[in-house]
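Note that the chains are named A, B, C and D in the order they appear, and that numbering of residues resets to 1 at the start of each chain.
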Amino acid sequence: MNTFGQLFRVTTWGESHGGAVGAVIDGCPAKLKVDIQRIQFDLDRRRPGQSHLTTPRQEPDQVEILSGIFEGKTLGTPILILVRNKDARPSAYEHLKDVYRPSHADMTYQEKYGIRNWQGGGRASARETVGRVAAGAIAKQILYEQCGTEIVGYVKQIHKVLAEINPQTTTIDQIEQSLVRCPDPQASKEMVNSIDRARQEGDSLGGVVESIARNVPVGLGEPVFDKLKADLAKGMMSIPATMGFQIGSGFNSTTMKASEHNDSFYNDEGQIRTRTNHSGGIQGGISNGENILIQTAFKPTATIRKDQQTVDIDGNEIVLSARGRHDPCVLPRAVPIVEAMMALVLVDHLLRQNAKNLENSVS
Amino acid sequence: MNTFGQLFRVTTWGESHGGAVGAVIDGCPAKLKVDIQRIQFDLDRRRPGQSHLTTPRQEPDQVEILSGIFEGKTLGTPILILVRNKDARPSAYEHLKDVYRPSHADMTYQEKYGIRNWQGGGRASARETVGRVAAGAIAKQILYEQCGTEIVGYVKQIHKVLAEINPQTTTIDQIEQSLVRCPDPQASKEMVNSIDRARQEGDSLGGVVESIARNVPVGLGEPVFDKLKADLAKGMMSIPATMGFQIGSGFNSTTMKASEHNDSFYNDEGQIRTRTNHSGGIQGGISNGENILIQTAFKPTATIRKDQQTVDIDGNEIVLSARGRHDPCVLPRAVPIVEAMMALVLVDHLLRQNAKNLENSVS
Amino acid sequence: MNTFGQLFRVTTWGESHGGAVGAVIDGCPAKLKVDIQRIQFDLDRRRPGQSHLTTPRQEPDQVEILSGIFEGKTLGTPILILVRNKDARPSAYEHLKDVYRPSHADMTYQEKYGIRNWQGGGRASARETVGRVAAGAIAKQILYEQCGTEIVGYVKQIHKVLAEINPQTTTIDQIEQSLVRCPDPQASKEMVNSIDRARQEGDSLGGVVESIARNVPVGLGEPVFDKLKADLAKGMMSIPATMGFQIGSGFNSTTMKASEHNDSFYNDEGQIRTRTNHSGGIQGGISNGENILIQTAFKPTATIRKDQQTVDIDGNEIVLSARGRHDPCVLPRAVPIVEAMMALVLVDHLLRQNAKNLENSVS
Amino acid sequence: MNTFGQLFRVTTWGESHGGAVGAVIDGCPAKLKVDIQRIQFDLDRRRPGQSHLTTPRQEPDQVEILSGIFEGKTLGTPILILVRNKDARPSAYEHLKDVYRPSHADMTYQEKYGIRNWQGGGRASARETVGRVAAGAIAKQILYEQCGTEIVGYVKQIHKVLAEINPQTTTIDQIEQSLVRCPDPQASKEMVNSIDRARQEGDSLGGVVESIARNVPVGLGEPVFDKLKADLAKGMMSIPATMGFQIGSGFNSTTMKASEHNDSFYNDEGQIRTRTNHSGGIQGGISNGENILIQTAFKPTATIRKDQQTVDIDGNEIVLSARGRHDPCVLPRAVPIVEAMMALVLVDHLLRQNAKNLENSVS
C-alpha cells in the first residue's frame, strides 16, 4: 500500500508522467513551524537534472502545500504536498508500451494489475519518491526541533570505489560539496570518473548509501515486530532499486565472536553509554541513545542504453535498444530519499513512544 | 507492536519465564485443513534442548489450539495458539535483576518501559518466536495447499565457515540431517566443530540463514511501501539478533554493472521467465514468479559465559560473569523462525492480492 | 485520523478556506472504468449554492484527478482527487478568530491542537466532505459494476415533518425532483416551508436521512468488531452534525418481543430470504442479502444568525451575532454524503471478503 | 476483524463451546497497577447464571492472565487474558447443526465462511464478549488512575418500561442493587416482572442501555473519521444484538431548532463549560470536558422457546422448536459490555491524543 507509518502516516501518490506527484501527511502534530525552504532544499537534492551525472529530465520540483499548514505552522490536519510534473514526455515512451524492460517493474505491474501506465515507469518510477522526500523534510524538522536529532546520509560506495568517511563527524556541507554526495574527496573524484565511464558505455552503476542518526532519544522502537531496525529495514527496502540493508556491524557481525561483538556498557558521567557500537544504536529493537548507523545497497539502475534481450507483452522475444533519459547512477540522488525514510521511521516511533508517557498525559 | 501482517494478522504474546507463550492468528481464511503435526514439527525444530549445540533448557513446546479450528478445519475466526513454559526457572535470573547485560535488551527495555521482566530476557527472549513458528507453520500449509509454494531455509554460514548449497534443489530432508541445518555435509561438520569450540570457550557465534520460496505466484507485493522485499526485510529484521538482510544479488549487486545485473526475459513455453535471477524473484516490489531468495545475518548471541564489563541499573560499573543456560550459536534454531516469517509475509500478500481480484468476487 | 477503510482507503484533506480540498484513494482495484461525470454529479448534489435553501457560497466544485487513472481506467495506484476552493473568503471570518461558537468545533479544536484555522470552520467544516463524496462516487460505480449494488439516500424527516417513502422502490429521479431530496411530494413541500421559515428566523433545522443499499452480496462484514453495522455506524457518525444511527427496526426494536421481531427464513426459489427485514439486511454483523436500511440523525446546524451567549478564546463571556454564509438545514446536501459513506463501507468490505476467497486465488 | 483500537489494541478470540475465550491486549502502557479483582468483578456482572433472569448456563468465568503483567504491574507487553469454558455442552446443539435460526448469525456465518461452529452460536455467541469485558476492566482502571474518568452504565429501558435516572449522579452501588441493573427502583421492579413474563411465554425482550463517562479529559477524538462519537458508535454497534446508537440529544435533536439545541458556553471559574449538554460531551468529534452520554438499543434476543418458521442448511422449510439455555433479556448482562467498549474507546483515544503532546516527549 501507499502509506508509511502508524502515527505519522505518509501516503504518496502520482505517476511519473501524470499531472503531479506528492504526498499527504496525516498525524503530524500541531503548532510546529515548517520551513518550506528546507523541504525545497531536499527536493533540489533529489531532483533530476542537477548535474551531468543525472538524467537530463528538467523538473524544477517546486513544492506546493495545499492544506494542513496555517500561518507557517502545522494545524494537526492532513498536509497535502503537491509537485507538478513539468517535463513529462509521455510520448517518448510510446515505443515501450508493449515491452517488458529487463529488471524493471513493467512485467510485474502488468501481471499484478492487468494494466500499467507505461510512461516512464508510471507509479514504479523513482519519481514517486518526491512525496517521500518532501514529507521526510518535515519529519527531519520535527526531529531536530523536538530532540536535536540529526540525520545525515552520503554515498559510501559506488561500484568498486569505497569511501572512507567518519560517520560521527561528517557534515552535510562536506557532503554537498561532492557532485556524488561522497564526503571523501579522493573517492568522490573516482566515483565521478566511474559514473562518467558508465554513462559513456551506456551502462549504469550501483553502490551503497550510508546514513546516520545522531542524538537519538533512548526508547524508540516497538517490539516485537516493529523493532526500530525492522522498520528501518522496511523503509529502506521500499526504495526503488534497493537490494540489501544492514545496521551497525551488519553482515560483518557474522564473522565475529560475541566476546568481540558485544558492546560493553559504561557510565559516562551519569549517562549509560556503550564503548563500541556494533549494535548500530539499537538493542532489543529499541534505540539505546548511541548513533544509529545503517547501510543500504542499490543495484545498478535497470535502464541502460545497451541492447538487451527481452520479451514484449505478448511473449515475443525481442531486442530492446533503450532510448529516453535516465541516470547512469542513482546513488547521489538516493541520499535524500534514504534520509527521508530514516526520518519518517524515527518520527513515527517518536510519536508512538510518546503515546505511552501517561505521566505527561492530558488530564 | 506485537502484530504482524495486514490481512493474515499474527499477534504473539508471552514472556520467557511467564506461564506460556503463543499467538493469535486473525484473518486466516476458513475451511482450510490444518495439520497440527506440521506445527509441532516446526516447533520441534525451534525448541531448545534439541542437541548438545543448543541451550539445555528443556521445553517440550507442545502446541495447544484453543479456538478457531473446528473438526480439523479453520473457522475463519481467531486461532489461539498456546505453548506452556515448562522449564522456566525465574529464580535462576535473580542475580541479573539489576544488571544490564551487554548487547542485550535489558537496558533499552528498562529505559523504554520503566519496568522489565528480567527473568531470562522476558519479552525480549527469543522464546517469543514460538508463536511465530506455530503461526508460520499454518501459513506454510496454506501456501502449499493453495499455490504449491514451498519455503525452505538452511544455514548458509556460521562464523567463518561458508557452505555451498544449491538453493533451487536442496531439500528439507537434507537440511534436517545436519545438526546445524546446513545441507553441505563438509561445511556442516566444520560448523559443528566451530560451535563446539565456541561453547567450550564460553563464547558464541553468528552466521547467515538463507531461505528460498519456490513456486511463488506472480503478483505478490503492494507498492510502493509494502513491496514484497520491504516486508520480507521487516519480517527478518524483526527476529532477535538479526543485523542485515539481502535479496537476490544483495550487496554484491553494488559491484556489478546493469548490463551484467539485469535479468533478461525470455519465453519459456508460454511463461515469461528470466534467464538470471539477480532480482531474487521480486521486481518493482512484486514477485515475478522466479524463486525468492533471501539472506539474513545473525550476530553472535549476546549471552556468553566469559566475564564482561557492564553497568547495573544504577549506573555502577561492574563485571558480569554470566551463568544460566544459553546457545553458543542460534543459527540452527533460527532456520524455522526465518521460514515462518517468510511464510507469514507471503500468505499475507497472497490475501492482499486476492482482495483485488474482483472478477472472482462475491456477487 | 483522516483515513477511512482497511483495503479501500480514503484519506481526505483540506480546510474550508485553504487552497483546495480533496482525497486520496489507496487500494482501489485496477482496470475499472471510472466515469468522471458520475463523480461530478454527486459533487453537484453536495455543493453549496444549489438552491435558495442552502448556503449562498458559490463553489463550482469541479473535480480534478491527478493520478491513479489512465485512459479512463484505474491503475490500482493512488487516485488523487482535488477540488479547488474558489469562493473562499477567509477575511469574512476575521471577527470569529477568537470566538468559540456554541456547538461548533472551535473550542475543542483549539484545546486539542492548540491552534486552529478559524476561517469558516477550517478542517471541521463540512467542506471536508467533498473528498468523501468524490471517493464515494467511485465506490458506488464499483459496487454497481461488480455486484449490481445500488445505494439510494433521501431525506426522511426535517424537523417535525416526517415523510412516507417506500425505501424498496424509491428512485434517484424521484428524489432529485425534490428541492430537499425527499421523494414524498407532500412532505417535501412542507419541508421547504419549514426551512424557509427557519431561514427567515435566522435559525436552523435538523432531521433524518434514510439510505438503502439494494442487491447487496451475502457475506459482507468482518466480525467481531468490524461488523457491517458497526462500520456503517462509524461511517455515519463521522459525518459532521450527526447525533444518532439506527439500522433496520433500530430503536423501535426495543419495544418488540423476539417472536414479533425475528425475521423468519423461507426458501424463495432456491434463495434463502427473510419474510420481514427487521434486521436491516445484516445478521451477526454480516449482510444476509436483504436490503440494508439505515437512518442517520442530524442535529440542527450550529451556525445561526440569532444572538447567542458564548465565550471567547480568553474565557470572556460575550454575545455572538453571527454573520457569514450558512445553511438553514443541511439535510438535502447531506444525502450524497450519507450515500458516499455507505458506499465506502460496502466496497471496503467487498474487498475484505474477496481476500478470503482462496478458491479464486492467484496460483 | 477481531481487533479493536489503534494504540490500545484488544483482540478477542474463542468460540462459545470451545476450550476457552479471551483476549490479548497489545499497546497497554507499562508500569500500571492492575487489580485482578476489578476484572473479575466485571466478569461476574457479565457472566451467565447470575440470577433467575439470565441463562442458567453455569460459568464461573474465572480470569487467568498468562503474560504482560509482572509483580502486579503491566510490562508494556501483550496481556493474554484467558477464561475457560466450563459448562460447555456442545452436544446440546447437535439438533441445530443444520438449522438456520431466525435472526441469528447461523446463515450469514455459513454463507460467509462456508463453515461454522454450530455449538451455541460459536464465535457469534455473546460469550465472545468475555474478552471485551476483561480488557475493558483494565481500560477503566487506566482511565480512572490517569484522569479520574469514571464510566457508569445502566439499563434505561426494557421493552415498554422506561426508567427515570439522573445520569450525572447515579452510582454503581445503586445500579448493582437492581437485579436488572436499573437504578430506578420502581422501573426496576416492573422490568423484572416484564422479563419474568417473557420468560414464561418463551419469548424475549430488548431495551436500551445508557452509559456515561464523567470527568473526561478535553481533546479526545481524532477527526475526521475517528471522531470520538464515531468510534463510540462503532464500539457499541459491534456488540451482538445492537440496533441503534445515539449521543446526547440523539434522535430527539432532529425536532429541535439550533437556537434551542446549541450548547452555550460560559466561564465556570476559569473553566469553559456549556450550560446545556445536548452535544453529549463531544463537539467536532472531540471531547469538550462535559460528561459523555450515550444510548445503545438492543433488540429482543433472537433465541426463544416458541416455535418459529425457518429453513435448514439445504433450504428446506422447517419449524424450529428451540431448546437449550438462553436469556429472556440480555440487557442486565449487557451493561458491563457497554461500559467495556466505552472504556476501550476512551483509553485508545487517550493514548492517541497523548502521542501528539510533543512538549512532553522523550528527548
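Please note the rule applied: contacts are C-beta pairs under 8 Å (C-beta built on N, C-alpha and C of every residue); 3 or more make two chains touch, one makes a residue touch a chain.
Source: prediction; values computed, not measured.
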{"item": "For chain A and chain B, chains touching each", "value": "C, D"}
{"item": "Farthest-lying chain, centroid of Cα atoms versus that of chain C", "value": "B"}
{"item": "Pair exhibiting more inter-chain C-beta contacts, B-D or C-D", "value": "C-D"}
{"item": "Computed distance of Cα centres, chain C from chain B, in Å", "value": "45"}
{"item": "Separation of mean Cα positions, chain D and chain B [Å, integer]", "value": "38"}
{"item": "Averaged-CA centre spacing for the pair chain D and chain C, given as whole angstrom", "value": "26"}
{"item": "Per-residue multi-chain contacts in chain A, two or more chains", "value": "1-3, 6, 12, 30, 76-77, 112, 123, 218-219, 223, 353"}
{"item": "Complex contact set, residues of chain A against chain C", "value": "1-3, 9, 11-15, 18-22, 24, 26-27, 30-31, 64, 66-68, 70, 73-80, 82, 112-117, 122-123"}
{"item": "Of chain A, residues touching chain D in the complex", "value": "6-7, 29-30, 32, 76-77, 142, 146-148, 217-220, 223, 350-363"}
{"item": "Chain C contact footprint on chain D (complex, rising order)", "value": "1-4, 6, 12, 100, 102-109, 111-112, 123-124, 128, 157, 159-160, 198, 201, 203-208, 218-219, 221-227, 229-238, 240, 242-251, 253-259, 261-267, 270, 272, 274-275, 278-280, 282-288, 297-304, 306, 308-311, 315-317, 353"}
